[in-house]
Structure formats: structure tokens, C-alpha cells
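Here's the structure we're looking at; comments come further down.
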Amino acid sequence: MTKLKWGMIGGGEGSQIGPAHRLGAQADARFEFVAGALDHRADEGRAYAGRLGIAADRAYGDWQEMLAGEKARRDRVDLVTVATPNATHFEITKSFLEAGFNVLCEKPMTMTVEEGEEIVKVVEKTGKICAVNYCYSAYPMVRQARAMVRAGEIGKPRLVVTNFSHGHHGDATDADNPRVRWRYDPAMAGVSGQFADCGIHALHMASFICDDQVETLSADFASTIPSRVLEDDAMVNFRMSGGTVGRLWTSSVAIGRQHGFDIQVFGETGGFRWASEQPNQLIYTPVGGRTQIIEKGEGGLHADAQRLSRVAIAHPEGFPLAVANIYCDLADAIAGETRDGLPTASDGVRSMAAVHTAVASAKAQGAWMDARPSIFK
Amino acid sequence: MTKLKWGMIGGGEGSQIGPAHRLGAQADARFEFVAGALDHRADEGRAYAGRLGIAADRAYGDWQEMLAGEKARRDRVDLVTVATPNATHFEITKSFLEAGFNVLCEKPMTMTVEEGEEIVKVVEKTGKICAVNYCYSAYPMVRQARAMVRAGEIGKPRLVVTNFSHGHHGDATDADNPRVRWRYDPAMAGVSGQFADCGIHALHMASFICDDQVETLSADFASTIPSRVLEDDAMVNFRMSGGTVGRLWTSSVAIGRQHGFDIQVFGETGGFRWASEQPNQLIYTPVGGRTQIIEKGEGGLHADAQRLSRVAIAHPEGFPLAVANIYCDLADAIAGETRDGLPTASDGVRSMAAVHTAVASAKAQGAWMDARPSIFK
Amino acid sequence: MTKLKWGMIGGGEGSQIGPAHRLGAQADARFEFVAGALDHRADEGRAYAGRLGIAADRAYGDWQEMLAGEKARRDRVDLVTVATPNATHFEITKSFLEAGFNVLCEKPMTMTVEEGEEIVKVVEKTGKICAVNYCYSAYPMVRQARAMVRAGEIGKPRLVVTNFSHGHHGDATDADNPRVRWRYDPAMAGVSGQFADCGIHALHMASFICDDQVETLSADFASTIPSRVLEDDAMVNFRMSGGTVGRLWTSSVAIGRQHGFDIQVFGETGGFRWASEQPNQLIYTPVGGRTQIIEKGEGGLHADAQRLSRVAIAHPEGFPLAVANIYCDLADAIAGETRDGLPTASDGVRSMAAVHTAVASAKAQGAWMDARPSIFK
Amino acid sequence: MTKLKWGMIGGGEGSQIGPAHRLGAQADARFEFVAGALDHRADEGRAYAGRLGIAADRAYGDWQEMLAGEKARRDRVDLVTVATPNATHFEITKSFLEAGFNVLCEKPMTMTVEEGEEIVKVVEKTGKICAVNYCYSAYPMVRQARAMVRAGEIGKPRLVVTNFSHGHHGDATDADNPRVRWRYDPAMAGVSGQFADCGIHALHMASFICDDQVETLSADFASTIPSRVLEDDAMVNFRMSGGTVGRLWTSSVAIGRQHGFDIQVFGETGGFRWASEQPNQLIYTPVGGRTQIIEKGEGGLHADAQRLSRVAIAHPEGFPLAVANIYCDLADAIAGETRDGLPTASDGVRSMAAVHTAVASAKAQGAWMDARPSIFK
């Protein structure tokens, strides 16, 4: 297996989505992070790239420089991730595709439909890959849901109901905070605020699981914080090509919700529910039967769900990153930085002392015994 | 940042814990996977190492060969992970430590207390790092719990109650399956079955969060499937040095539980609960007050919790691996393998069409409109 | 305290809502059930009334007979509950009000707006009470929510989102079952199916908690089972007088949902969520703060919530009816019918033996002891 | 159906358990509350009885007076509930049984095993009923669990794990509060604190569902608040006659738990879990299969569960008491006391206006329309 070469545009220090891309691209070690134009402040971007292990000649100051630099190399990157502000996605994505690079673009891919259609045409012309990071669709149990629909296990979908709502922009006194404000300003965010930011994840998910496309829709938008020009809350009703009825609610003023992304699909012979905060389970009910809990990693999952289950059934989503935290602390410790939470041989020997004491106690009808290893008494 | 070099012993193809180590070690790209003796079947191990990108001269047939090979190199590995059958942990760990390598050993570190004490002494003598993979302690909200105890935020802990129970060995008709049977056979598993396998995670967690050590204990073991010599269910009561009362239940016959690892700590002025299946939240109650939900990534977390929060508050544990799934599919696609679930530019343009249609519909009082991009009509 | 006299029209044997009215009216013993026209089949209604303890002269064959009979008495009923098919609510309610009776009418109160307005006028004219059974509004934590809104504790409500969806009519093969079919037949159900049946509970709740009224709305109805004339799924967007945005989803084809009635209200300074399946808790989040769980019966609830908390904090909703089940079995047992689940003195003495044995065992460091009372050894 | 006559000893104004007995005894109107000695302060008890509708000649000053008074009547009570302080249960229960009354005694039935055995003998001699209020066993889904065990649906129970823990006595600064203190004072509470108070509910439940009896046990008690003589936390391991392993944790210092009563039973071919805070569901997993949610009121429940399901499937436990709250407010309103939360005809007509407007809007493709009835415009 040869590692592919990977570069990123945007995702600089402190960015919200950058870490997820780096963890995601590197976890399987199929990509090597070799190039980047990570920050609109060229120097900061180069310095950060260096700290992330990128060679100086591939730590670029901006995307144009990166495009020129990579085009000129024989060992050019196999994939470029575009994680810049939304308004720049189109130009960057198009330029890299036309230069023969594969691209993973953050959502929204473009600001206008026309731009989007142009990207599709460029893809057709160049034969390059342009993926969009609708990453929720890659959870194993979402794949299971889609496969079940395709296999007819809930019959024709009648109804899909999805919510993607949070409350992180619900504080009017924080509305002028630049990190929040731009999202509701047409000059920076385009025609839509919350629906373009979160709603399209939910809309993609509805299409993805139902294996169908939205045909018509009716929307109700609200700016519940009056100073906002763009909507911070939206309800969109839709119909899919196959007649499925859709209902989508998205909000950024739902105070108390951290990340309420959930989807329910109801078909002729069954229904199910998946929620991003409980991603290991698909809650399925056959019509007239009892609700069943389908677990990530259980036997008999559809192939695509099985393929993307990364760890065994007993290990919930999130487990590998807890292991990653152990490795981070180890890397720090090897570099000489003390990490007092790192479990050590002392912990290991204490465990064995507890095991042997428990065995002896159980044999002695539960007698209380000293459980400390002798070196720690 | 120079990447550290990493090797693994065990964790071959189909192993349960191997993938979590590879994802964990590689996600942050601070380690490069350069050496391995991955399987007790030497040829399979070498072939698998090759498929994982390890050079042929560092794809070893067994750990002795790896020890000799790495010792002889100038660019020897900085860290060795030991993920072999339990009975071999001691010898391998000790040998690598004595040869000057840092080690991350899977639990249980050893089979006997004496072996464990010997490892501690070797660590003292060599100054090398020997960590044990009690990885649950590395979840951000577990670190938050520990920090809250240390800061006195729940007062002195009075009581800790922890469960680590599953039902994956509850089928008596499957008890002779070799993958299950060895765990209850003293010849292979040593003195303890379920307590040594899962219970010690919970016991470590209790010590970790309470920042205290177990002093005495009383145990009740049961082999609820009679053919088993070792226990498949255990209750251990304990007392910590500071007087904290402990209660630990572990079981492998709790049919229906996938991974019931949870811990509750009750102190003089508050209590909290954390569960591995809901890892983003620490449920905290101050005495006489309302229960509060502390969220991973919220403002004001203790430093160690903040440091290990890998993604922003809106993104639950598990999110980066969903992104990793996207990157896996991309790597396949770049290699020419079709991945029909991968979101593409077509999805991107459909989203933009939906956004613009929704904006228009909302302006037109919710009028129903065609939401398809023209290229897909 | 003099008991009030109570009568019911409808609610015959096997009715869905009848038992809830009898349990509700009698639980506090402030009403005595003395009269009824319980079934459209006069003889069955009279017989059932007799079995429920109603004297023969007040076991009426139909509501007209009951109206005449009760008007003629000096000890006439103080309250009449109308739990008949929807289309008859108007005529019965109006007739009883005009005759000077107080009425509790099941929802929907009438079939048309004009009828409803007429009822309002009759109430104004007669001074009698006409209540409608929007009983969800009487849960203590719903009252707490309303009181919090009134007290300004979440600021002005910006957004209310409510769902009342179930899947009990999701089986197309059962759609012709008369118990289901009439709900979607305009001849029997009027202009609306699911929205009139369940949606109005949710709409009332939104008004109730926000202490405001719906002013305008926009609706999307669907008959997802094509043979249905009336809607089995509806989305209604609305605006309240004070500007609050509302979103209401109701469905009867949401297979797998038993009773998904929940409501979320998001205001300027906080939000909360209540769900009928978890009625003891109001989940509240102040803007910028942590989510808190407000528990039924906790100290410091608003007066109306405290007044309607029926049992102490440790006893969840539903507890008194478990006690009622004990009393039912006792009544059967006194009547000579064996009820083998009824806890008896044997259970009582076994408990005491366990208590004393546990005390002795704990004193003896956990020694195992026989826990049986001597009479059962 | 003749109503039975019922009297209560204890349960005076402000008592914790009294309201649950009155609601429970009266909800089905099979008992009429006709006599009581409700308070150890004779005058307060008589006055409160009067307010509850008891005739003056049956409002007794103490239990001895009640015993004498009821014995002398021809229309004596059919059932006496004993809800007095624990230490008096034995004498009162025995006296009433010997005088020929049926008794429902609060738990614990007696203070000693000898007293308990004496009650059993009195029951045998007199043929009267003596029930103990282990009311959790009367939830429909607990009955379902027991019936499933009896029918062999989970095979022989191997393991039962139950918790009944709360945090209401976790505040050391409140430990001298007389309402709390007596529970940990041997002079008033006897030999055991928390285990006798809550633990025996859980122990009874384990026996009840497993249809078996505790044979031996081993206990670990702790007084985590040092001033307490009796235990506020206990772990009891036990074995049943049929070999089932049992584990029971009970605590009153589990800060943050309101009412953590749950039970899990794991058998040879399946397991299940029930929790008092989610009483409508029994979570069941067949060995090797998916977890299923069994709902109160679903088709095909065992007979005893079906019999005690009080309301239809869509109505959760607690629903009838919400209806009871409506009736309470109605009784107040009839008595002239304003109850502003009571839904009225105005609410009824607003609902109908919303229904008709929604129908019209849906027909007009979601056009926004005024939803107010004309009388409220």
C-alpha cells in the first residue's frame, strides 16, 4: 500500500473543522499530509504547517501559490481538501480540478447553483474526483439505514423527518461577535444563514438514506434575532421524486441543543431513527412489531455498514480517539513532557494485585483483604 | 515536529484491538508506523505489515526478531505497542524496556503481581516509559471528572460505583467457541476471567477519577455458565486509602448490554456520572442543586479536558472517524474503486439548488417550487 | 369537603379514553360517579354503568334521556364529561350547558368554528363551566414551564417546536379496520384527520406554555397512505401574536413512535424541552449556561407546578397507579379472587429476615449467611 | 359492584406516602374512604379526616380508638391501610388482623423476623388478608417480566442486578434535620437504615420477577456520613434457591439520582431491564438477537401485564393523573375558585379555527392565513 499525498487549504490553527480533517485523513495512514496553505495570513499558515510536519517548500502562503507549486512537482498531491471560507470554495475547487487534482470540498460547495453546475461540468470534463464533506453520511449506521431502504426492508419511504438544530447562536448579546455575525450577513454568507450552514447536511442525509432526490420544496425562514438579515431558523417541507414527504427543521437558536442532528424515515413496512449523538445505534421498528436496536458491529449488517465499522461491537464510536489521546500523551512523554494522567506500570501492577486479591477473597467467601502490591504498601 | 517511529507486536489482521491502536497512533500523525511483528503466524504477520505500508526489513516474524532487528538500527522505533495474548505481555514488555524501548502494553500488563512489580523496577532502572492502555481514562470528560475531584468541586469522594458489563459471552451454546473459551480457562487466562478482562478497566477508572488507590477489597465471583472454571460475573466491594467506599460490578453474561461501562462518584458536595456510550457528557449534580450536563468542549472546562477535546463542541465523539470514512472512500476512489456512497459535486449542486429555492420560497410566503438544479431536471 | 356528583356520556366498555376519565375523576375522591349514558347501545351502556356502581335510575340509555333525567333531579350532577364520537360533542355540550350543567368535553370540542363560537357564547350566557380535556397541560412540569415563561425566566419566546406523532396507523393493510378508517373519512371525522386528532393537543400546548395565541399559520398535509382522504401527516408553521415562530409536526404513520409528544420552547435567555414519555423532568438551559434538569417535586418550583405534583420527588409519575393496582388486586382478593402477584405477609417476613441477615453479615465482614426466616427453611 | 369500605391509619397531612394511598385506593372507586386515624396528633388527624370527607364518628384520634370503633360497627371497614412509623406496624397490623380486618401494611411490615413470623401465623389462623405495599411489583411491565420468566422466555435466570439509590440524604449539613436523622438512628429505625428503607423493595422485586427466594447473602454496609450509626449505603450479594446470583446496591447519598430503581435479569436465553423512571418499557434482548422494546399496552402481552395496563398504549404511565389534575381544577372551579390553567371553550374554539385554517392553507399550497376565530380577532 502506497500512501497517497494530501494537502489542505484552510484549516489553520484554531479553525473549527481543520482538526477533524487532519484526524480523519491520517487515522488510517492512507494519506500523508505533505502540503498546505493553511491560513489567509501567509506567515501564520506556513509556520503552522511546519509545526504539523510539512516541509518548508510545501508550506504555502496562499492557494494560488500552492496550485502553482504542486502543479510543478512530479510528486504532486493526490488530494486537496478545501476548508476555506464558503465564498472561496468555488474558485479554489474549480482551479484545482482543472489543474488535474482530486478535491474534497467542505460544504457548501459553492455559493450559487450556476457555480455548482459548473463544478459538475468540470468534473465530467476532467474525470477528477470532487467530493463534498457530507461526512454524517459516512457513519456506519447511516450506511446501514440506506442499505435497508435499498433492500426494501422498510418498503417505499413515505416520510422523512430530519432536524439539525443547535443553540450556539442563541445569545443576542453575542450576535455581533464576528465569529457569529458573518453567518447572518449576506455580504459574507450569501443568500442563506442556518439552512445553508446546517440544513443542507440534513437535506443530503434525507436524500442519501432514501436514495432519492428532492424535487419540490416550500420553506419558512425566520430571523428570530431581529438584527439578523439571514435566517437563524428554518422549516423546509419537501417532496422527493418518488413521492416521499419530507420535513426538515434547522435552527441555531435552539438554546440547550448541542448538536441535534437526527433523522427519522418511515416507510410502508417499517421506520427507523438515527441521531448523531447516539451514533452506534439505529432504532428500527417493523410495522406491527417491536422496536429493535441495531448496533454498529453486530452480525449481519449490510456490507457497507460492516465495512465502515472501525472497531468491534463492544467499542463505541469515539473509542479510537480515546486511544489517540493515550498516544498523544505518550508522544509528549517521549518528548520529555510530563503527562500525569498517562496510565503507567504502577497502574498495571495495582490492577494485577487487585485481580489476585479478588480471586483470593472470592475463594474465602468474600473475606476482606489488602489489595495493594507489596511495593506500594 | 519530527514524527516518532512506532512499532506494534500483535494486532494482526482480524484482531479486535489492533485497529484501535492503528487509528489511535496515526490520527495525529505524531507516530509513523514503521515496524511490526503482527501475527504469531510469521508469514501472515509479514504480509499484513506489508499491506499496512511497513518496509519488508521491518516486517518481523516474531517479537524476538523484532527486538533484535530494532536494537540493531540507528533509527529504531521510539515506541512499541504490545497487543499480544495476555500471557506474553510480561516477557515482551520487560525485554523491550530492558533494551531501551518505550512500551505501551495492553492490559493486563502481567499475569502475576510479582511480574508487575518487576516491570515497575525495570522502569525505574531504565528510565523508559511503560504505559498501560487504560484508554477510557483519556476521554475528555473523564479528565474533567478527575480535575473536578482534585479541585474539590464535589468534596471528598464518599462513594464510587462502577459497572463494566456486557453480554457477549452469555450464550452457553457458544461457550466452546475458542474465541470465547480461552478467557475462562486458567491455563490460558490465568486466575481470573471477566474481572481481569474488563473489571480492571473500571477499577483503574475509579482510582483515576478519585485520585486515590484501592486499599482493601472483598469479592464475590460466579461462573454462571457452569462449564466455566473462571468467573464470568463478579462483584467487588472495596475501600480506598482515603476511606472512599467502592462498588464494582463486571459481567460478560449481561445479555443485551453492548458495553455498559459507567462510573458514578458521589462526594460530600456533589456527584457525577459518566458512561462510555454517552461520552460527550458528564452528568453533574451539586448537593441540594439541580443536575447539570457538562458538555465536552464547553467553555471553562478544566485544562486537561480542554486539551483532549479533539473537535469543537457541536461535533460529538466519533465525528472525526466519520470524516475518516470519507477519506477512506476517497483513497479507494483515487485508486479506481467505485464508492457509491461518497458525496460528490452532484450532491453539492443539489444542495445549492435547495438553498436558493428555499430562500425564494420563504420570500414567496412558502410557495412550493422546483428545487432541482437545471442540469438534473 | 362535600363530594361533587359526576356523570359521563360515552366512555363505555372498551373505550380508549373512558378509563382515564374514571381514574382521573375519582382518584382524589372529589367527584362521585353517579350517572352515565355510557354506550350508544343503550342496554350495554346501562349494564356497564351498573357494574361501575351507578344506580339503575341514573344508568341512562342515551344522552337525551340523561339530560331529561338529571334536569328533573334535585341532586343533579355537578359535572358532565362528554366522551362520545367527535361529531356529537357540539350538540351534547351545548344542550347540557344550556340546561345549567358544567361540562368537560373531550377534544375536539366541535367540528366547526361556528359551533365552537356558539359554545363560547352559551358559556358567557349561562355562566357555566365548559372545559376541554387538553390534559397534557396539567402535568406539573408543563405548569412549571408556563410559569417560567410568565416570570420572564427564558425571556420572550422566540421559537416553539412541538411534535405529536405516533405510528399506530402506519399499517396500510390495517387501514380498512373500522377503528382506524373513520379517522380519515370526512363523513365521520370532518375536515381533518391527524391534525384534528393529535395536532391540536400540541397547538394548545404551544399556546399554553408561551401564554400567547396563534395568529397565522401555513400548513402542509399529506395522506401518505393513498386510500386516505384526510391527512395522516401534517406540518404546520405558525406565528403567535407576540411574534413567536411556531413549528408543529404531527403524524400517525411514524412507525415506532408510541407517543412522541414533546415540546421545545426557545426564548431570548433560555430554552426548555418537555416530553410526555419523560414527564417528571423539564430540561432547561439558560443562554450561555449548562443544561439543568428540573425535577417534579423539587424545592422552589412555581406554585402551580408544586400544587399539581401529586407525589413526593422520589416517586415518578405513574407511581400512584401502581399503588392503585395493588388496591385493585386487594379488592379482588377480598372478593375471594386469588391474585398471586399480591405481596403478602410472607414477603414481609422474608424482607425482615434479609434485613437482619444483611446487618449481621456486614458486621461479620461480609460473611455469607442464610437469609431465610425460620418458618420458610 | 358494591364499593368496599376503606380506612387508613397514618398518612396525615403532609405525609409522604399518604397521597399515593388515597389516589391508589380511590382511582378505581372500588374502595370508599370512610374511616381514619390519620395523625398521631389526635385533633389534627380528626380535622384532616373531615376535610377528606370522612364522617365525624369515624374520624378517630388513634388506632386503638379506630379498632374499637370499627369492631363495634356492622358496616366496618373491609380494609385497613397501615401507614404509620415503622416501629408501630407490627402491633397495629396484628391487632387489626386478629379483630378480623384485612390489612395493607406499608413496608417494612415489622421490625424483627420474629414479629414477621407472628404476623404470618396470625394470617394463617384468621384467614384474613395481610398485604405489604411492594407496589413497584404492580407496574404492568414488571408483571410482564415475571410472566416471561415463568414462561421460560429467558431460560433459567442466571443473574439479577438491581439498584435502588437516591441522593436525598446526601447533604451532611442536613443530616440533623429530624425528617432525615431518625432513619439512621437505631432507637427509631431499628437495625438498618437505607437497606430496610429502600433495599427491601429491590430485594422483593428480584424475588418477584425471578419467581424465586433469596437463600443466602453477604452484605457490605457503609455510613458514608460519619455521624450516622446506621448505613446510608449498602451492597448485598445473594444467591436464590435456584442458584441465581444476585447483586443489590442501595444508597441514599447518591447525589443526583432522584429515584434510581432499576432491575436487570439475565437468563440462559435472554435478558431484560426495567427502570421505574421509564416504566412503560421493558427492554428485552434474546441471546444472540437484537434488543427489543416491549411497550405497555402492546398486543400479545402476558395476561397479568395486560390486566394492569390502565390506559391504552399511546398513553404513558402518569397520563391518568394529568387527567386527575384537570378534574381537581374543575372541582375548584365549580367551587368558585379561579383556575387559570384550565382549558376552556375558548381553547376549544381556537383549536377548531386552527384546524379549519390548516386545512384551507394546505389546499392553497401552504398559503399563510389568519387562524383566529372571528370572535377573538
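Going in written order, the chains are labelled A, B, C and D, and every chain counts its residues from 1.
Going forward, a residue touches a chain if its C-beta (ideal position, glycine included) is under 8 Å from a C-beta of that chain, and two chains touch if they have at least 3 such contacts.
The shown structure was predicted, so the numbers you read here are calculated from the model rather than taken from an experiment.
S.K.: What chain groups remain joined by touching if subunit C is not counted?
M.R.: The remaining chains, counted without subunit C, form one piece that is still joined by touching.
S.K.: Could you work out which chain's C-alpha centre is the most distant one from the centre of subunit C?
M.R.: Relative to subunit C, the chain with the farthest C-alpha centre is B.
S.K.: For subunit C versus subunit D, what separation do you get between their C-alpha means, in angstrom?
M.R.: Measuring from centre to centre gives 20 Å for this pair.
S.K.: At what distance in angstrom does the C-alpha mean of subunit D lie from that of subunit B?
M.R.: The computed centroid separation for subunit B versus subunit D comes out at 42 Å.
S.K.: What is the distance in Å between the mean C-alpha positions of subunit A and subunit D?
M.R.: Subunit A and subunit D have C-alpha centres separated by 46 Å.
S.K.: In subunit A, which residues are in touch with two or more of the other chains?
M.R.: Where subunit A meets two or more other chains at a single residue, that happens at 218, 220, 237, 291, 295, 365-368.
S.K.: Subunit A touches which residues of subunit C in the complex?
M.R.: 158-159, 161, 167, 170-172, 174, 218, 220, 222, 224-225, 233, 235, 237, 245, 247, 249, 251, 253-257, 264, 266-268, 270-273, 283-288, 291, 365-368
S.K.: Which residues of subunit B touch subunit C once you look at their complex with the stated criterion?
M.R.: The contact residues of subunit B facing subunit C are 218, 237, 290-295, 298, 365-366.
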